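Note that the chains are named A, B, C, D and E in the order they appear, and that numbering of residues resets to 1 at the start of each chain.
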Amino acid sequence: GSSDPLNGDSSGGGDGTVTVGSADFPESQIIAELYAGVLRDAGIEASTEPGIGAREAYIGAVEDGSIDLVPDYSGNLLLYVDPESDAASGEEILDALPDALPDGLTVLEASEAENKDAMVVTRQTADEYSLTSIADMAEVCDQLVIAGPPEFQERAYGLPGLESKYGCTPQSFEPINDGGGSLTVDALTRGDVDVANIFTTTPAIKQQDLVVLEDPENNFIAQQVLPLAAEDRLPDGAADALNEFSSKLTTRDLIELNQSVSGDGSVNPQQAARDWLEANGYTDA
Amino acid sequence: MNLLSGMWQWLTDPTNWSGSGAIPARALEHMAYSGIVMVVAIVVAVPLGMLVGHTGRGSGAVIGVAGALRALPTLGLLTLFSLLMGLGLVPPLLALVILAVPPILTATYAGVAEVSPAVRDAAKAQGMTPTQVLTRVEVPLALPVAMGGIRNAALQVIATATVAAYINLGGLGRYLIDGLAVRDYSRMLGSVLLVAVLALATDAVLAALQRAVTSPGLRTTAH
Amino acid sequence: MTWLPENLDLVLRLTGTHLMQSVVPVVLGLLISVPLARLAAGSRLIRPLMVNGAALLYTIPSLTLFVLLPVVLGTRITSIINVIVALTIYVIAILVRSCTDAFAAVDRSVLQAATAVGYTKWQRFWAVELPLAVPVMLAGVRTALVANISMVSVGAVIGIQSLGTLFTDGLRRSIAEEILVGVVLTVILAVGLDQLLRLLGLYLTRWQRPGRLTADSSHDDARRTSSSGPQPSTAPDPDESARRIAATGGGA
Amino acid sequence: MGKNAISFRDVRKVYPDGTTAVDDLNLDVPVGSLTVFVGPSGCGKTTSLRMINRMVEPTSGQIQVNGQDVTSVPEAALRRSMGYVMQASGLMPHRTVLENISTVPRLLGESKRDSKRRAEELLETIGLDRSLGSRYPAQLSGGQQQRVGVARALAADPPILLMDEPFSAVDPVVRADLQNELLDLKQRLNKTIVFVTHDMDEAVLLGDRVAVFATGGRLAQYATPEEVLREPADQFVSDFVGRDRGFRALSFDSRDIPLSGVLTLDPQGRVAELGTPTMGSGGSGGSRGSTAAHQTGPSAAVANGWTLEVDAAGAPVGWIPPSGGEPAGGQVTHRVGGSLYRPGGSLRQALDAALSSPSGLAVAVDERGRLRGVLRPQEIMTAIEAARESRS
Amino acid sequence: MGKNAISFRDVRKVYPDGTTAVDDLNLDVPVGSLTVFVGPSGCGKTTSLRMINRMVEPTSGQIQVNGQDVTSVPEAALRRSMGYVMQASGLMPHRTVLENISTVPRLLGESKRDSKRRAEELLETIGLDRSLGSRYPAQLSGGQQQRVGVARALAADPPILLMDEPFSAVDPVVRADLQNELLDLKQRLNKTIVFVTHDMDEAVLLGDRVAVFATGGRLAQYATPEEVLREPADQFVSDFVGRDRGFRALSFDSRDIPLSGVLTLDPQGRVAELGTPTMGSGGSGGSRGSTAAHQTGPSAAVANGWTLEVDAAGAPVGWIPPSGGEPAGGQVTHRVGGSLYRPGGSLRQALDAALSSPSGLAVAVDERGRLRGVLRPQEIMTAIEAARESRS
């Protein structure tokens, strides 16, 4: 990197090798590994730079050339570059993105695979209050305790969104800072909280038979997985390979991949990606 | 400057001063966590330090263990305990107790062990039993040093109790973690100021206490 | 125990950056603290000011510094520089005090002898004061290093890579083993480096050990040290001074 | 006397590291006596002392206190029954002087008030002002701390005092004070005292009996100070006692020495001759003038011709040499200085007074410092010879 | 002599807190002499000494070294030109003995090799084994450390040595060693030495001249040790010099004293009488036997009847009292002990030998410790009187 000599020996573009970065959570790291594998399959040298940090960090890294490519999510990316945007559906977001991005950055085609925030309840709670959507939940909101990451209290899609879009003001909010991980799920399944904000790709949803409440008002905007790249720094053929890959990747894949890396005895993101690539006919050179 | 005025705004915003998540409540929570941690740590470390200092046995082990405890990363303990025990008070408080024990233990031990051999010897020669030597000579002489360790531990605990908020608890750390989540620097800075004020106030109280338990004879060096 | 072998290179990489983030601040902090402390030790005015100021720095939670420094320094939030600067500040908080003590503890008669022999002030500082301050100073350095190694991991909370990453990642992925590996490695790093420093200290202070007092001095006044009661050891054990420092400093 | 307060019976002490600190010690300390343990560094003095109150346990042998084996008494009780004073005073820095002094009485269950009153009395006994009682040890000088250490040891009025180099850490002047006070205390309170020092002078000054230890923990001699000086038991003792032992031994002799007359010059410039009353018979009244008036012309006694100037009160001021012819008033050539001889003084003082004097004559004065006469070296020597002969 | 190495001219030192440490000092230290500053604690000895190498700057007045004002020389250079030894040795604990000794030569730019060689020589000069050179100070005894301190001061071969109570921290035995070594050094290397002590004995032993300081920084007397003992300038000096000054002053007198004969008993049980050669005239050869053979029957010289037992080599062993009748071989009743008189000894030694002796007779021996005769107290006294008269 140029601006930060201490930050690893990352080799930015120009030399033919594509450096794929990732954010500091497992799913991003898996997708980054997948991108790298796809590129290698297409005969392009690629390396990964996992766990760079939050969005501002990895976008900075793309801008300063420490990395060339990083997986991102359409909705949050748009809100980051244009906080005023009110685009909510997948289409709107993808339309708005190219113009909103600063010079030098570009996005490739988005995958249908999506990982967005959701309100989740246990099957038992769903039955008890006959909940299928957030609108249902809103009616009994004052009896419910909602758990989520600390920022959920303040982000537009969080408590303020629930309030403005559904008129839901929960009995209380319990911040749990594990990125919607096992602690949040445990709190939910043990009944410490009634509703939790977790990601739709969380494997526990399936394992624990949790119910994802529908979001008719589009409070949680679309979050399709897409590659954020440095303009003009990807070698020929890279974009094509990535676009083809994006068209293959599904939300289901994400759930499975996430599951494979979590819990005791799980594999690491690199391995999970390798397994997926192999199963889907890529040869990771 | 922008940052400071933001902090000032946050600190003076009346909505931050009343209600369940407001500053007074958070400060109370913070003090409660720290208080519990300190009580537990003192109950564990002081008697152990006294015993080892008095007998001189196991001092090597105590110093070694205290050193190793000191090296344990609080964040690691916190996440590990949370993962193993789930949510609740125990994981963060336990992690903090482990943080607080080494300074108290080593200071207590040092205080007792450093009582001048001549004084110890004289006390024995006057017919004090080992218990009397401990309670009438070693403890009063070690108290100021031990209090130094307690002050030190309290400072660290209050500063580090912010991590209790990292998983899900309250305390002033809440503002830090929440502020961090939404990059609200004014709030983070405000919380830091609150923590520092709390720490300094506590330290001042403990310093007064330390002075009170220090015999005037140990303060004076000349007429 | 399957996680570790499969993620060995990750662990090694994190250990590397962890090490750098904890060691560099100690070096920088030492370079800054020594002159400050020498100033403080020589002045009744500056000394309490500096020592108390340093203690105040210590009440700031490390996480706060990690987050605030980028705003002040203009660095990116995940920049390792923030950690290094923040920890350097903590190291200074610890070392200014122990270095001040170290200089103040140098035997005055030795300094006077050095002056009498004709050392200039500058020569005296390098040839006499500094080497003699090493034992106490080193105790402070050891404390600072151990505290640092523990504190570096906090950076992971805001996405700065270190062994602390194993804690946040382990928590997200529910892998207790990953966290445990992080904890154990942190302790190993701390204890290992501490021991290295101890050995370095033993080497630098080999003059402190009375060692062989042989028969030729047995008629001599050396015996007077062994009068009554437990014998006071003339040379402070480096661990001993570490213990004293440890009793008055720590890490948050 | 007669009964022994402390007896060592075949006592040996070998430390775990193999050092033989005390080797086969047999020694009896009579009740009411002050016994000094003396010897070079590391010869086992402290070890021997500390075995008495069981701060150190002997490897073999037995120690009896008042005829009773010390191991038959519980340690703490034994120690409370003996005062212990050590070099480093060992005062508790966190307690006031009064609290320090009353430690043992308090341990023995005495009330706070009583023990405080007693402690205040003791402060006076040892020559400290009561106002110092509320101070802390750090606020006292080294000599004052030592005094408090002595008071603490005396507080429970124990019959036995153990003192381990109690005065060695204080400067020579204070030390002399403390020694005199101890002698004084010893006379007033009838204690058995065991006193450790490695200073032979101190041993001679204080001790009723002196135990000289040799390196290796051997008891080389146990006798009165005079015997130790006059007849060292072996080469070790004689070396240890050191030079000037003959001269020092004269401290123990005191005899009547005939006074000689001397020419005097008073402030009015009058020259007179002082008669020769015998030392020791003299009462108070002024011997000058009246005696001088009876004599006329120089006698053999004033042969060497020096004139002693005296002041109006009759105290000697200075010597005027014989060659000085008619001395003009106030022209003192040689100060008399400090070397005077007082009635009842030792032969050592007499001899030193003569040797210090420019005239070779010792100046004898009475209690009030007035001139009584002079002593001639030959007569001092004769007295020394007589003392020697009466001994052998 | 003649020239002065160091001169104080109207020097005053008032510390910032108002303490007058030195008051109007005028004093000249001749080249090549050993001057001792003596006085009670706090009288300004150290201050005066340190003004010489500018460790302390005078408030007013001037100090000259070899006629040159010290302020005209840069401090560090001035200090390198003088050796300084102090009580606490002040060795640098982190340097080996050799490194410590070669400090000044290294500062002066001498090569490592040269200065090391010189340091090794110095180790021998001060009586330490070369093997100690690689040790650190903490590995030496206190006495050895002091010696190294002296060696360091000597290393650059400075013409002036300043020594501040250099021996006061070591025990009396080692101290005596060090004093003798210093005397020895002083004779071999022609240095100007200023030596601070508060021990009058040490001052008398070592000093060519003694400066007695009184409390308040006043110079009370500056004279030879003998003068200070014999004629203290004022009451302060006479008090400070203390008791026994007359006796001590005898150290400076040495005279021929006639020897007397004595009855001897040899290991074979033969009783003989030793003749009366005059002390001082004797060569080496055995005086026993040969001389005895010339004499028959007891003479006046052996009047008091004590018999001196001698060993096969003719060295005195012990005294047998007159009443002992026919003494059986080896039955020594009184050891001769250490108090012997050697040819050329001082009158102090002669007198003490007589006073120490159970027979009252000083035993005179030759260099090899063989009996030469005895000295009778009267004759010693006569010699003392003669010495006194020759002075006045």
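We adopt the following convention: contacts are C-beta pairs under 8 Å (C-beta built on N, C-alpha and C of every residue); 3 or more make two chains touch, one makes a residue touch a chain.
All values derive from a computational prediction rather than experimental measurement.
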{"item": "Pair joined by more contacting C-beta pairs (B-C or B-D)", "value": "B-C"}
{"item": "Distance-maximising chain from chain D - centres being C-alpha averages", "value": "A"}
{"item": "Chain occupying the middle, per Cα centroid", "value": "C"}
{"item": "Rounded Å distance between chain B and chain C, as computed from the means of their C-alpha atoms", "value": "20"}
{"item": "Inter-centroid spacing, chain D versus chain B (mean Cα positions, whole Å)", "value": "58"}
{"item": "Chain C and chain E: spacing of chain centres that average the CA atoms, whole Å", "value": "52"}
{"item": "Whole-Å gap between the CA centroids of chain A and chain C", "value": "41"}
{"item": "Numbers and ranges of chain E residues touching at least 2 other chains", "value": "171, 173"}
{"item": "Residues of chain C whose C-beta touches two or more other chains", "value": "156, 158, 168, 171, 174, 176, 221, 224, 228"}
{"item": "For chain B, residues contacting two or more additional chains", "value": "82-83, 118, 121, 166, 180"}
{"item": "Contacting residues of chain B [partner chain A, same complex]", "value": "82-83, 86-87, 165-168, 174, 177-178, 180-182"}
{"item": "Residue ranges of chain A in contact with chain B within the complex", "value": "149-151, 153-155, 174-178, 182-183, 186-187, 190, 192"}
{"item": "Contacting residues of chain B [partner chain D, same complex]", "value": "116, 118-119, 121-129, 132, 137, 140-141, 215-218, 220-223"}
{"item": "Residues of chain E that touch chain C when the two form their complex", "value": "53, 55, 76-81, 84, 86-96, 103-104, 107, 129, 135-144, 149, 152, 162, 170-171, 173-174"}
{"item": "Of chain C, residues touching chain A in the complex", "value": "2-3, 6-7, 10, 17, 20, 75-81, 84, 156, 158-161, 165, 168-169, 171-177"}
